[in-house]
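All chains are identified by letter, namely A, B, C and D, in their written order; residue positions are counted from 1 within each chain.
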Amino acid sequence: MINKQMMTIVKKEQIAKDTIEMQICGTSIVSSAEPGQFVHINVGDGNSNLLRRPISIADVNKGEQMITIIFKVIGSGTDQLSRCIVGEELDVLVPCGKGYPIKSLSITKALLIGGGIGVPPLYYLAKQLQEKGVEVTSILGFQTKENVFYQSEFEQFGPCHIVTDDGSYGFKGYVTDLLDKESVEFDYFFSCGPTGMLKAVSKRLENHKGYVSIEQRMGCGIGACYACVVPTCDESNGFKKICKDGPVFRVNEVVL
Amino acid sequence: MINKQMMTIVKKEQIAKDTIEMQICGTSIVSSAEPGQFVHINVGDGNSNLLRRPISIADVNKGEQMITIIFKVIGSGTDQLSRCIVGEELDVLVPCGKGYPIKSLSITKALLIGGGIGVPPLYYLAKQLQEKGVEVTSILGFQTKENVFYQSEFEQFGPCHIVTDDGSYGFKGYVTDLLDKESVEFDYFFSCGPTGMLKAVSKRLENHKGYVSIEQRMGCGIGACYACVVPTCDESNGFKKICKDGPVFRVNEVVL
Amino acid sequence: MSLQTTLPGLSLKNPIMPASGCFGFGREYSELFDLNQLGAIIIKAATKEGRYGNQTPRVAETSSGMLNAIGLQNPGVDKIIDNELPFLANYDVPIIANVAGSSVEEYVEVTKAFARTSTVKAIELNISCPNVKEGGIQFGMDPELANEVTRRVKEVSHVPVYVKLSPNVSNIGAMAKAVEAAGADGLTMINTLTGMQINLSAKRPLLANKTGGLSGPAIKPIAVRMIYEVRQQVSIPIIGMGGIMTAEDVLEFLLAGANAVAIGTANFNNPMICPEIIKALPSVLNKYGFESVEDAIGKGHENEHTDLSRT
Amino acid sequence: MSLQTTLPGLSLKNPIMPASGCFGFGREYSELFDLNQLGAIIIKAATKEGRYGNQTPRVAETSSGMLNAIGLQNPGVDKIIDNELPFLANYDVPIIANVAGSSVEEYVEVTKAFARTSTVKAIELNISCPNVKEGGIQFGMDPELANEVTRRVKEVSHVPVYVKLSPNVSNIGAMAKAVEAAGADGLTMINTLTGMQINLSAKRPLLANKTGGLSGPAIKPIAVRMIYEVRQQVSIPIIGMGGIMTAEDVLEFLLAGANAVAIGTANFNNPMICPEIIKALPSVLNKYGFESVEDAIGKGHENEHTDLSRT
């Protein structure tokens, strides 16, 4: 059940180049949020940034009804959001979409593969997996050294490989290059990142079970406007709405 | 010579209902400002409030290159301006228009008649007149008691009559009603306020020399767009630009 | 304060309804507020067969507006009747069905299908969708075609027919008169203006469909002007839309001559916008001296020019 | 980085020029910056006799835009030639004269008058002013009239003629082709869209003229779409305008197919906008991989659709 509420910014910190971690506090509904779900934030004044911005839920503090989001400043909306200060209120739709269905999966070993701003949702996922007693290996890809964030946070859960495009930090190359080099055991993989990466990962791991979280420009963010559709792979000529049926899909469920 | 500059808000205070006094600090050009001139302020982010807002110069502190403005919150632009905080910078065109030409006048007794947000420019005018040794009487009209501001400030310069529409403070009625009751001696009058008031004042004092300051919706604010024209009275079929040739005009120079 | 207003086929609690395509079939919004509060609901466009619509990206943001090129995605009129209308029938809110098509026959077929239901209280004839390759908008650009499709649909419709006008025309009054002459019971206006945004990095239009329909506050002055103009040329009622974000905006449309209004893009900015506006409307009407919604309709046409400072 | 670009009659240092009506005759802005920085200057519309224009208020603000109904106020072509051109002749900047009129004869007369000067390097034929009762816009709504007035003006003009198109039409491509066929050397587009704002307190349109022309960022997507569309239908150059506020916006217009751009409303928001954009343009072109202005022109037409995330 999605809720529209005013959430108060309680913490804000820059954790990497152009990358901001923000904690926002709201009312009860917040604690029902699952890993992979997102918040849809009104960052404008109705004139500028008319459309809300979707940002993944990176962590949930159920006791305090607090959500962590991590976002990169790439345009006018995220720029506006980055200018908000502690104490200000944000108009938020929460929680949106469907997350990683880990409750219904039986897993012992999980592989998490994140790219750039696809890393945040994997953090809350890793946390939940660990609570379930799952062994977690993470591969996190970034453009370059100054973009890297949350390495130590992921190391809490198990092995964490950092990969940078230019090799300025960690392994040099793409996340799939690392998969070629390191052998990781897992029964499910969970991935979030740019479509190009998701495609490469899905192909590289085509014989594995897994889930991917995908992005698309959104209108409503709640399933009403058909802006964010993606065709399904099952040849039924069907489609899914990323904002409502996703953003998380079984690998090969939808056309990347 | 108009200048575009960033001016820092150094003080902000609410002085009456919806009425804000703000002091803004800039560079040298500021001190050339004359009473009756205005600043043209960019209060938006380019999307909302695309057009600048004209606000009269209420006082100038030449030593500190500081200008006082007093404005009433009536719409989105003045609302936005009222939310700016001390320390913030405003993008300002300064000084705009032509003020009360007191340097070239020989006056001994002046009558100032202000209405509502037409009161502010008269303050700097009164100050300058006093410096010239002119005796100043003021009549300030407001809607109601809670709108009244700057009474004591004007009393420094001489007699100051407050008039309210509803009689909740001072004399009850219009400024012209007070003129009917009190006899004031003066060789020039100077007026600023709503067009209705300026018309009534011009008519009531038609045998006197005087100057009025008028308002109109503006585009450029510097004389380029012809948004703010007003026909001249001289039957030459001419016109004046309020932003450049005004906002102050000789009484009966332009059609009110 | 009475917010009621009556239009052909529609007895409205209030003049506020979500615009077609911006509210789906109501399900998602029903989780956020009680749909019974709404004056009416205009549902997403229906075509005869299901349509997948355009490639993504389908939306882009612009200054005070957005572009969309959904491309009439919908499950087809039969599935809408079977799967969506029963849900909407639970509410005491008149449903207006938006009918689209590529040919006169398709418009007629879809209207006939809706005519078999009791939930649909009026048809909104969408001859103005700019986002499909063929069909739709050409009917909305040519008075003769608009007249023909309206006439044919009127022949088969058991409920009043509102024709949705496109703003992408030289002469909106001529379009309005053409559909009035064809028997339209009302007008809805405006649909979106055709626009484009170019992605500087990709060096091509951002929307997969290249062009999209511009909506939101950016187009409000155009909507108000067109409604004002059309109000002076036809006598059928107008449901106005285009950039409404506040109860003040609603009043502006009423003054221009709209009998009711629809709210599109604003739902994306604030999904609670319809009930919020309904709540705010009485005090706004009151503030400007109106005693009811009907009291305000068309009142922007009557007053002589008075100076800025005297208003 | 070369910002130079050459158009019929105009050899431009850079593709940036103020739009007609938003820069007067340059005097006021010359006190704020050195006009020699500009690519060109399009001066305020000229008619044969002086015109007083419309009543005030003449401007209103809208979401990301403004409405104006100046109504072609100007001192008349002879006074412009006598009093304004000598001042502009001091600068090394090509002057484009905007020519307006109520009849073909008036357009011809005004053009002839400018033809006698050496300062005016091109004519911008304003057949798209929405703010005057008669004349102007009807020429911009009808391809045949547009063709005729263009042809007649071309006969008497010693300098290239750019025709300024109105966006208030069903088919902008047809208008462009009609004036190209008549011998136009170039196009300027777009003029303003007709809009209205209603003053809720006065219960009448805010502008004394009732309607006004909508300009500013609100209309940018419409301008970009029309330029993109026209670029594919004619081969004469286009000076693009409509809502440009930044150097990125300039690049968007170049990609859409504009050969140069004009800046209108943005001058009111920031009188230094033209020199600021000229200064920012090289690094923006560079950021998106272009080596010169000419390198970017029309480049938005070439690339196939790629997904959002891969761009």
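We adopt the following convention: a residue touches a chain if its C-beta (ideal position, glycine included) is under 8 Å from a C-beta of that chain, and two chains touch if they have at least 3 such contacts.
Computed from a predicted structure; not experimentally measured.
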Common contacts of chain B and chain C, by label, are A, D
Most remote chain w.r.t. Chain D, using mean C-alpha positions, is A
Distance in whole angstrom between the CA centres of chain A and chain C is 36
Averaging C-alpha coordinates per chain, one finds the centres of chain A and chain D separated by a number of Å equal to 46
Note: chain B sits from chain A at a C-alpha centroid distance in Å of 55
Among all residues of chain C, those touching at least two other chains are 56-57, 63-65, 216-217, 307-308
Chain A residues touching 2+ other chains are 46-48, 216-217
Within their complex, chain D touches chain C through residues 55-57, 62-65, 67, 141, 168-171, 193-205, 208, 210-212, 214, 216-222, 224-225, 228, 243, 248, 251-252, 255-256, 288, 299-308, 311
Per the touch rule, the chain C residues reaching chain A in their complex are 21-24, 27-29, 31-32, 44, 52-53, 56-61, 63-66, 68, 70, 73, 216-217, 245, 265, 267-272
In their shared complex, chain D is touched by residues of chain B numbered 1-4, 42, 44, 46-52, 77, 91, 93, 216-231, 237, 239, 244
Interface with chain B, chain A side, in the complex: residues 45-48
